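Several structures are given next for inspection.
Heads up, the next two complexes both have chain A, just with different partners, chain B and then chain C.
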Partner chain A sequence: MLFRQFQVEISESNQLSWWRTAGRKNKIYVIYGLAVVLAVLVSYGLGALHWLPHDPDDMNFDSLMAGPFTGGYLLGTDFMGRDLLTRLILGTQAYFLPGLMAIAIALVLGAVLGVSAGYRGGRVDTVVVYCNNLIDSFPRLILVLLVIAAFKPDIYYIMAVVGVTAAPLVASLVKGKVLFLRQKNFIESAIALGIPARVIIIKHILWYNCRALLLIQATLGMAEAILIETSLSYLGFGVQEPIPSWGNMVQAGANYLLQGNFWPSTAPALAILFTVLGFHLLGDGLNDILERQQ
Partner chain B sequence: MRLIKITILFLIPVCMGLITSAHATSSNDGRPVGGMLNYGEYGRPATIDPITSNDMIALRISELLFNGLVGINAKQEIVPELAQKWDVSPDGSVYTFYLRPDVKWHPRPGEEAKPFTANDVVFTYNIMMHPKTVTSLKVRYEFIQEAKKIDEHTVQFILKRPILNALAKFTFKIIPEFGPQNSLYLRRDDPFVRNPVGTGPYRLVETTANGEVVMEANQSYFMGRPHIDKFVAKPFADQNIMNQALMFNSIDMTVLVNPRDIPELQGDKRYVLQPYNALSYAFFGYNTRNPLLVDKRVRKAFTLAINREEMLDSFFNSRGTVISGPFAPGSWAYNLDVRPDPYDTDRARALLQEAGFSQGDDGIMVKDGKRLSLSLKVPIAKESEATKRVVLAFKNYLKKVGAEVNVEFMEWQAWKEAVFQNHEFDIMFASWVFDDSADISSLFHSAEIGPWKNNFGAYSNPEIDGLIAEAKLSLDHEKKRTIYRKLHAMLSEESPYTFLWTLTNYAGYNKKIRHVNIHPYKFFTFADSWYIPEGKQ
Partner chain C sequence: MTDTILEVKNLVKHFRQRKRLLAPRADTEIIPAVDDISFYLRAGETLGLVGESGCGKTTAGKTILKLLPATAGQILFNGEDITHLERRQFRPYRRHMQMIFQDLDAALNPKMRIRDVLQEAVKVHSPQLSSAAVKVRVGELLDLVNLKQNKLVQFPAELSGGEKRRVGIARTLAVEPKLIIADEPTSALDVSIQAQVINLMRALQNRLGLSYLFISHDLQLVELISHKVAVMYLGQIVEMGVTQQIARAPRHPYTRILWSSLVNKRTLETTAPVVAGNWGVYDFERPAAGCRFASRCPIFVAKGKPSACTDPATAPQLKGVAEGHQVRCHFPLKA
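What follows is the complex of A and B.
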């Protein structure tokens, strides 16, 4: 029966047996990535609830730039004598929500453009491809700096730009997927059964078949958002002191790097490194496991 | 107290200063001639003429390129420079200067050197005072009625009224009549401001595309050829890199060593770390347009609430002096009897309560339903990290007595507009640099309230106004000093600023440069007598 076959095709991508068949390397990637996501979530939660080892603004003038494990500071202190660990935990506040916003914009916009280009084709496709090229051809950092100049150095404006500029990539991936799926029997069958186009698109194409792709793009998008936030804060455009961000922490510490106090900038730099790496590996591992399999 | 390192930012030099070259004698003093001195500057100047420029970098360069009518030597005595002698009328209102006949302007390429005459002096005075000229010097010379040429080498200044120590004001730098294209007024679009011609010990060769200002010795300098052949000012955008450049010998001197680099230079035998005192201080200024800050008890409470000693110790390794009033501690006007307020949070809280504040639910003081929440605007441009430390510490200290401070870091130009033009701030952080006339009238007199004027906080007190006016009219140094001491005590009590500290500046330079004598803020005043031994050139 046509309807049956349709169900089977759907369930193929719907089962969770993928974990068992995944390679060892990819499993490690995903486990590490999930650990990072968990750490970020926990840090965000701790920051939001103010469950912190120290007051983030409390300055201890007697121990400026103390090393790790000294004077009750697990990771030491920064150039103002503030606890580094506390500020690292709070630093997730700087990018977490804005990053989620950027991802949401990128995914929604990318999916809409990608589906319209892939499903309808024709003129819509041309317009979408043109828009993609337009956005793609503009250097992202310049666009971000323009927005900062035109409005104000607000992280949400910046992340909106990041989201919009990330959309073309998502759109082209979704478009490719849709073009591929359109040739499949179940879409044809669904159309034949008279299922409305929006149901086919939202349920059968996006939900059943694109969610892995979108999830992967979301993890990579978070990595990108963290990098943009930290580099702008490093340059002094993003989050401003005294609010901690990993970027402005690296910047503040960098002034003392040549004097031998490497730790206050290295600690946040390592945090950036391991977090971004985690999101990338998670995306990579999921990509290998979920996408290649199909 | 010991030395400091300056750091914060140089605001417009309030009053350009007195001291000018007390030049060493000619190069026949037996010291070797030759060599080149590259020095690092943090940033690059917009203009390098003595009239339109208002930053310290340009001030230092114009010290090498220009001369005044008179100079002041290291012993604070007035010495001849472009003028070889002078007469003062008995009532002190007419000054006649007899100019040196042998002075020539630096030749422009392919041209003969033109002689310096009385026309140039009159021209300089007139262009400086023209209303359309962009300069911060005008206020300093308003006491002069007019400048008159008597003959080619004699010039007369007629004063509106006799003032104390007027001769010291004739140290302003003279520019040539043929220099600026527009002979009426000087603005920053005139080519002269970037390519000036002077009479000084060094002559401008060029400003290179990457901002290096190259100057070479004026062979026919009227006080004798300077020893070092070439001075090059190299701009740096990063102080760490500037210090590394010094350590790796790509520059020979930094005019201002960053406090954090001092230990490194101190431990290195190849370099000399030379302190020089600047007549400057850092402060937090309050905008009394905000009703919360009108009450002097609130401002005083803020001063009591911050621990200046602790900040000075931790951030500047105690290289400075905490101050109590509006004069730099090295100045004759400073009143040592007024002690800096101690750190006393209990008294600060008591004062706030006296002023009608009570603690709100969130720990912030409230008065008539208004929270004591203030904006602090800080320019991020220069020396951001020392500035950052101070303002963040300030915020924390005030939080402890129930005042909320929202720190806003701004780009330099935007900050200047916010503070000096639009007055959109509650608290600001900056430094003033003084000359030794210790003239504070433009800072606290109520006539100086308005856009781009220095009384940015709109501080107004008839008693202070009266004292300032009295000091200005006073012809007796001792009397003036007494008035200034009174002003000091009153302003300390009134706290229109929270006065912070004076830091000791350090110059760092390679040991090969000898006989280095540094002027407190013009720096290069005595540079014509510096030299480099022959083997090290």
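What follows is the complex of A and C.
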């Protein structure tokens, strides 16, 4: 009987073995990162449903730039007396979907290019490497500004550029992985078994062996998307007032910094800091935990 | 049960290698990994393919399975020429001919559980099976190779060498092959596990009527499992015959040296006359003209280095010396 119980335990311990063997530091990173992801998701949901503590455009001229915890405003108000918390929550709308779109573009394009470069090699490989070098040597913000100038300052255009420019990096990572895996005998034995090439690529290479890498790139990509969005909004090219975004909130608050009213600008800046940090730590922790299993 | 399942005619596999780093593309030299080998294998039979490391055993196996393109020659499976089939056309044949790879981890994607590995193998050539039927089949496979059900949820890294080998065998059996090319299935296993694997392979042969091309350099195991043996030297078959003939009465000097090098020397008569010559480092990639074995051959030296052995025009060919026994040598040993 004892033997039976022991067997069951073995099979169950398998389910989350990667988590059990993870180091303490990485666990903290991942938990913090997941908390940030959750907070972003909740904020996005609240914003979409308009379940907000205040009307985001409701101006209270009796309490301009109030500090936190004053007059029913949990995080205080901005220079027009609008609730900061409400506008911070609503600010996630600015980058959430566009960010996902950028990630999707980067991952899909990167995976396709990376696999074809790694599996077929030759000319595709050369093109991918060349594109990567080209994009690396070109400031991304300038490229985004060019697109804005050519089309219109729409966040989706911006994020499309972000996605496309992130793709070569993902491609080179996937390519490295494919080159590494192609020498492994299990690919050859999969061919010997009669598994079609496309199944080998999609299932054995991408799904089983690149999913961790792609997930990590997705979290880092989200951080990147947030930073680009906030930089542009700060410069005034991103989301336009009165629609709130963290970048334009920092920018609007910055005008009052010298008067000593640092809070309306610092609150969104801290939100950016903790969110981007969260995505980075999540990516870092997952990288250490999942990739180390190799 | 005596029909020929696999026939290999004059199979050649050459690799090309640039002479120097950055040498022009045309400036390559040819490495004859497999040079003109022919044999056949009957259903339910085992052919042992032996020879030292680097003699082209594995390359021959992979070329037969079309994992490497053949340079020349013909491969007939059940009488059908499969040499020039496209990948797509060849795929249906793959379910009939499988390979057990030398590398224990070869069959196993490190990120897949054993269950997924086996289910995939079952479904490759019978996608119409329901998931319940697949489960039943996976259970049968585990029973066939004596593995416990609880191994199913484990990852390859959590299995021992013998268990990995069993999973590898179960995976090849999943497609119900008729021919299995076993590339050193016992390497990297300790002796007791080797015996288990060999017994398993023999039991499966009796039960399922499998044919094996058993590639190995472990001569005792080859003797144990094979009906016929082909001895390879530098890409060529130098002697081929029934196992007992090869093991007890070898006619080629190389075969004799191979067998006499068994640690457990059986009798004086097989070991006494021939002593291995100077086995220095030998360049496998550039075999000598004429008889490839000449530079190491004790008979060549004893006969006063006859030019027939080194002249490319008179290189020895495989000749029948007895019923079903062929030797590639100008001066075969006495039976």
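Convention: the second predicted complex is superposed on the first by the 278 of 294 C-alpha atoms of A that agree within 3 Å, B and C clash if a C-alpha of one lies under 4 Å from a C-alpha of the other, contacts with A are read in each partner's own complex, and residues count from 1 in each chain.
Definition applied: a residue touches a chain if its C-beta (ideal position, glycine included) is under 8 Å from a C-beta of that chain, and two chains touch if they have at least 3 such contacts.
All figures in this text were calculated on a predicted structure; none of them were measured in a lab.
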Combined model on chain A: chain C and chain B, fit or clash: fit
Partner chain in contact with A:E188 - chain B first, chain C second, else both or neither: second
First, second, both or neither for A:L134, with chain B first and chain C second: neither
Which superposed partner A:D57 touches (first chain B, second chain C, both, neither): first
Touching partner for A:G236 - first (chain B), second (chain C), both, neither: first
Chain B versus chain C as contact partner of A:P196, first or second or both or neither: second
Touched partner set for A:V42, first chain B, second chain C, both or neither: neither
Minimum Cα separation, chain C to chain B, after superposition on A (Å): 53
Contacting residues of chain C [partner chain A, same complex]: 65, 67, 87, 91-92, 94-95, 98-99, 101, 103, 105-113, 120-121, 124-125, 150, 153-155, 158, 171-172, 175
Parts of chain B lying in touch with chain A, wherever the complex brings them together: 240, 243-244, 260-261, 263-264, 310-311, 313-314, 380, 384-385, 388-389, 392-393, 395-396, 399, 407-409
Complex interface listing, chain A residues touching chain B: 57-59, 61-62, 64, 79-81, 236, 240-242, 252, 254-259
Parts of chain A lying in touch with chain C, wherever the complex brings them together: 7, 10-11, 14, 184-186, 188-197, 204, 208-209, 294
